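Both complexes shown next keep chain A, but they swap its partner, so chain B is in the first and chain C is in the second.
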Partner chain A sequence: MKVLTLNFLTCAVKACKSSNDSFPLHPKDAELAHDDIEINSQLLVNVLPRIDWTALRTTSTELGFPELPEQPPTAETLEADEAMLKELHTLLLETQMMEGKLVCGHCGHEYAVREGIANFLLPSHLV
Partner chain B sequence: MSRPEDTLQADIHYDDVEARKYTTSSRIKNIQASMTQRALELLDLQEPSFILDVGCGSGLSGEILSEVPEDEGGPHVWVGMDISASMLDVALQRDVEGDLLLADIGQGVPFRAGTFDAAISISAIQWLCNAETSETSPAGRLSRFFNGLYMSLKRGGRAVCQFYPKNDVQRHMITNAAVKAGFGAGILEDDPETKNMKVYLVLTAGGSAASGDITGVVDGMDGVDVLDSRKKSPKAGKGEIKKGSKIWIIKKKEQMERKGKIVKATTKYTGRKRRVQF
Partner chain C sequence: MATAASSTPSTSSSLPSSSAARAVASLAAAAAASDHSIAEAEAEAEAYEKTHVHGVYEAIAPHFSATRYKPWPAVADFLHAQPPGAIGLDVGCGNGKYLGVNPNVFMLGSDRSSALVGLAKARVQSLQGGRDGSGPEVAPAGGTGVADAASSGKSKNKNKNKGQASVGGEATTDVTPTTTRPDSGAAIGNDVLVADGLSLPFRDCSVDFAICVAVIHHLSTRARRQDAIRKLLKCVRGSEAKAGSGKVLVYVWALEQGNSRRGWDEGGEQDLLVPWVLKSPKPQQPKQPKKQRKKTHKEEVVQGHNDQDAAIAAAADANKSGEHSPIPTPTPAISTGEGGVIAGGGDANGSCGGDDHTDSVFERYYHLYRKGELEEDVLAAGGAVLASGYERDNWWTVAANEPSPSGPA
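And now, the complex of A and B:
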């Protein structure tokens, strides 16, 4: 599962919908893999405003990456700066979480990730 | 033809054998591909987008999303949701590019607000009309799904869901659930009144209230009739059509014709009384 997707997933439990802690989910015992994907700058510029930068900083520190700058780059600086574009592409799209767990910060529910597929099936009393 | 929806739940029906059959059948592949192309055409995406594939199965539709050439606004990045682990297993073996989630769409869509540019769903949402346990109801599952979908789409984002309604009741149930969730909803029928009829539910989250068509999708398309049920014709609403009247008979005949029954042509004698002979 891509880090980009991790930046959008929230806890599916009904009681967590109204809580701020249910996003982002915290990766635990994560095994990462690198996947070569062709760089798609237009897509990155397109999703950049939707990325929750604070959440991305949390996730990337939790996954053991060096700390990201405090402020997100703007679309113009990103388009001009090829190195930054490449780095962001590597982090968001090429880094894959293969095994581990995603833990909700509010209810503590653990979503298992196996072979890159997160299991979001819930027992019916949590829906 | 039998409907798999009538016999089993989606996650049980699509076991390893069934999932493999589904993905290797060239007939299903072709149909899925053409429906995905049509859905993409309806989404009308101009730039590389982040797309949700609802009921992605083995990634037949997702593959096409990743393969959209650059001059047509692609390639898109997608996330797929499916309830069948076997289907996702096949998707893994086929090495699809999108991210996969094992999730029940009837339990909602676990993404934060405004995540996706668009959503696509090929032959999936009719499964929502089945509820196997007493704790859930089709209406509840539908409303959780559409509410979740509405949330996770960005404003002005579109969703195209191709589905196989069992009957008119199911079709209305699905459309009404989408409208209740706040979508501007429209149904597009390809090859209507034939065996190959394909029904596309076109949804727009927020945004334009274009004249004629609320979804703004068929703007400038050829051969499309817009039927808007919100605009009632002046005749309708003045009470029910009287049973046995000529209008009633013609309506029934049209209904039967739509079902594919053989119906006698409508003439000037239709609905007339047979007078007593002398």
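And now, the complex of A and C:
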């Protein structure tokens, strides 16, 4: 599961959807892997406005990456900054969480991640 | 050949196939009729789908996957119309055949079946690295050798064809970048996860678009089908967004299939159990592997999960030996147990014993949509219909959150 994916995931429990604490989910005991993927700067620039930057900063820190700036770069800045493009590419697309858990900050439910696949099926009492 | 009568009915097959439609209809009626029974009916519907949808796909995953590689044209058009960098969902992604159709968007696929998601994951990994995956050659099921033929140094991916990827196999750091399509640019990638369509883990209003192809017709009450559409609409951008509401493409099987061999048409029964036949590869192996038949019928009932495993193994064998030759298309027989082939209830009755080339039959529940019904469901779910149409035995609709832009999309 990619870090970019984490930016779009919240708790599957209905009651948690309205809570700010359910996003982002918090990685626990995360084992990371790295995929080599060719960079596509234009696509990355287009993806940028679709990202919740605050949540990405949280995720990035929790996974042990260097702290991201408080504000997202503008499209122009990012296009001109090759180092930052590469950094974001690595973080968002090349980094995978292979094993571990994703924890909801609201209800505390833990979703397992195995072999790079997160499982959001809920036990019946949480549906 | 064993008949349905010879196998002890399990609790999970308590609905004989011939009365499934009526049973489902009564579920729906119960849900609609009385408030106090709604929770109960909901639980019943869930249990029913567990047997007649989830259990089946889990069991037939590799076989099913081998037959699912060609995108529907209307779906491919929808995906190609998305702008570069768009983020989309494929809810009920199956083996992930729509992931990578448009390499310039990032798609998140989800499915209720972890076996199918495992196959989709293998596909996603094989698409990474700039290889064009839109072609039909990428059929990740069952070790067909496709991975070898198409690999350009992606040796790691070969091990993941059965959805049982080895841990750590995903990391492809030792792989040299491929350059098969130098002019196409790098694909932005995709990702997959396991989730229920009625309890999706995606944050509200977060994505640009969603597709849901051949999924909603597996839900056994109208309320649940509408709820599924409601959940999809919640995931896409709201109508207040600068670019307008995100679009949701829903694709379901049609009742009106006058030109198809299945014989369904207007005015017919809409709630059906449709058999999926796993044909055994009889030419190469006059004697089937023992694992398919080693259990007595009673054991099969008790050990339902093991039966599923056996069926998966059998399907993998079928794919290995016969590649795509055993064609597992749904047969025209509609839940009538014709020829005694149907092995009762459909809950992973992976083997029925008997002859050497025993076919396994799994019955999936379908609600066939009549003309106009999908649009009604979109409206009931609070959505607006932007466009809709019919394509080869299926109804499709592009929906958005209200208020809708005027006119068709």
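Keep this in mind: the second predicted complex is superposed on the first by the 125 of 127 C-alpha atoms of A that agree within 3 Å, B and C clash if a C-alpha of one lies under 4 Å from a C-alpha of the other, contacts with A are read in each partner's own complex, and residues count from 1 in each chain.
Rule of thumb we're sticking to: a residue touches a chain if its C-beta (ideal position, glycine included) is under 8 Å from a C-beta of that chain, and two chains touch if they have at least 3 such contacts.
Quick caveat, the model's predicted, so the values are computed rather than measured.
Undergrad: Will chain C clash with chain B on chain A after the two structures are superposed, or do they fit?
TA: clash
Undergrad: First (chain B), second (chain C), both or neither: which does A:Met98 touch?
TA: Touch status of A:Met98: second partner only.
Undergrad: A:Ala75 contacts which: chain B (first), chain C (second), both, neither?
TA: neither
Undergrad: Does the superposition put A:Phe23 against chain B (first), chain C (second), both, or neither?
TA: So A:Phe23 meets both chain B and chain C here.
Undergrad: Per the contact definition in the header, classify A:Ala15: touching chain B only (first), chain C only (second), both, or neither.
TA: In the superposed model, A:Ala15 contacts neither chain B nor chain C.
Undergrad: Between chain B and chain C, whom does A:Arg50 touch in the aligned arrangement: first, second, both, or neither?
TA: So A:Arg50 meets both chain B and chain C here.
Undergrad: Between chain B and chain C, whom does A:Ala33 touch in the aligned arrangement: first, second, both, or neither?
TA: A:Ala33: touches chain C, not chain B.
Undergrad: Contact-wise, after the overlay, does A:Ile117 reach chain B, chain C, both or neither (first, second, both, neither)?
TA: Once the two structures are laid over each other on A, A:Ile117 reaches both partners.
Undergrad: For the overlaid complexes, name the partner, chain B or chain C, with more touching residues on chain A.
TA: After superposition, C is the partner touching more of chain A.
Undergrad: Could you point to the stretch of chain B, among 8-16, 224-232 or 242-250, that collides with chain C in the superposition?
TA: 8-16
Undergrad: Would you tell me the residues on chain A in contact with chain B in one complex that are also in contact with chain C in the other?
TA: 1-2, 4-5, 8-12, 23, 37, 40, 42-43, 46-47, 50, 52, 93, 115-122, 127
Undergrad: Looking at the complex, which residues from chain B come into contact with chain A?
TA: 47-50, 75-77, 79, 81, 83, 88, 92, 97, 99-104, 107-108, 110-112, 114-115, 117, 133, 135-136, 144, 154
Undergrad: Considering only the defined contacts, which chain A positions touch chain C in the complex?
TA: 1-2, 4-5, 8-14, 17, 23, 33-40, 42-47, 50, 52, 93, 96, 98-99, 111, 114-122, 127
Undergrad: What residues of chain C sit close enough to touch chain A in their complex?
TA: 46, 83-87, 104, 106, 108, 110, 112, 114, 117-118, 121, 125, 128-130, 165-173, 175, 177, 185-189, 191-196, 198-204, 206-208
Undergrad: For a test of understanding, state which residues of chain A touch chain B in their complex under the given definition.
TA: These residues of chain A touch chain B: 1-2, 4-5, 8-12, 23, 37, 40, 42-43, 46-47, 50, 52, 93, 115-122, 124, 127.
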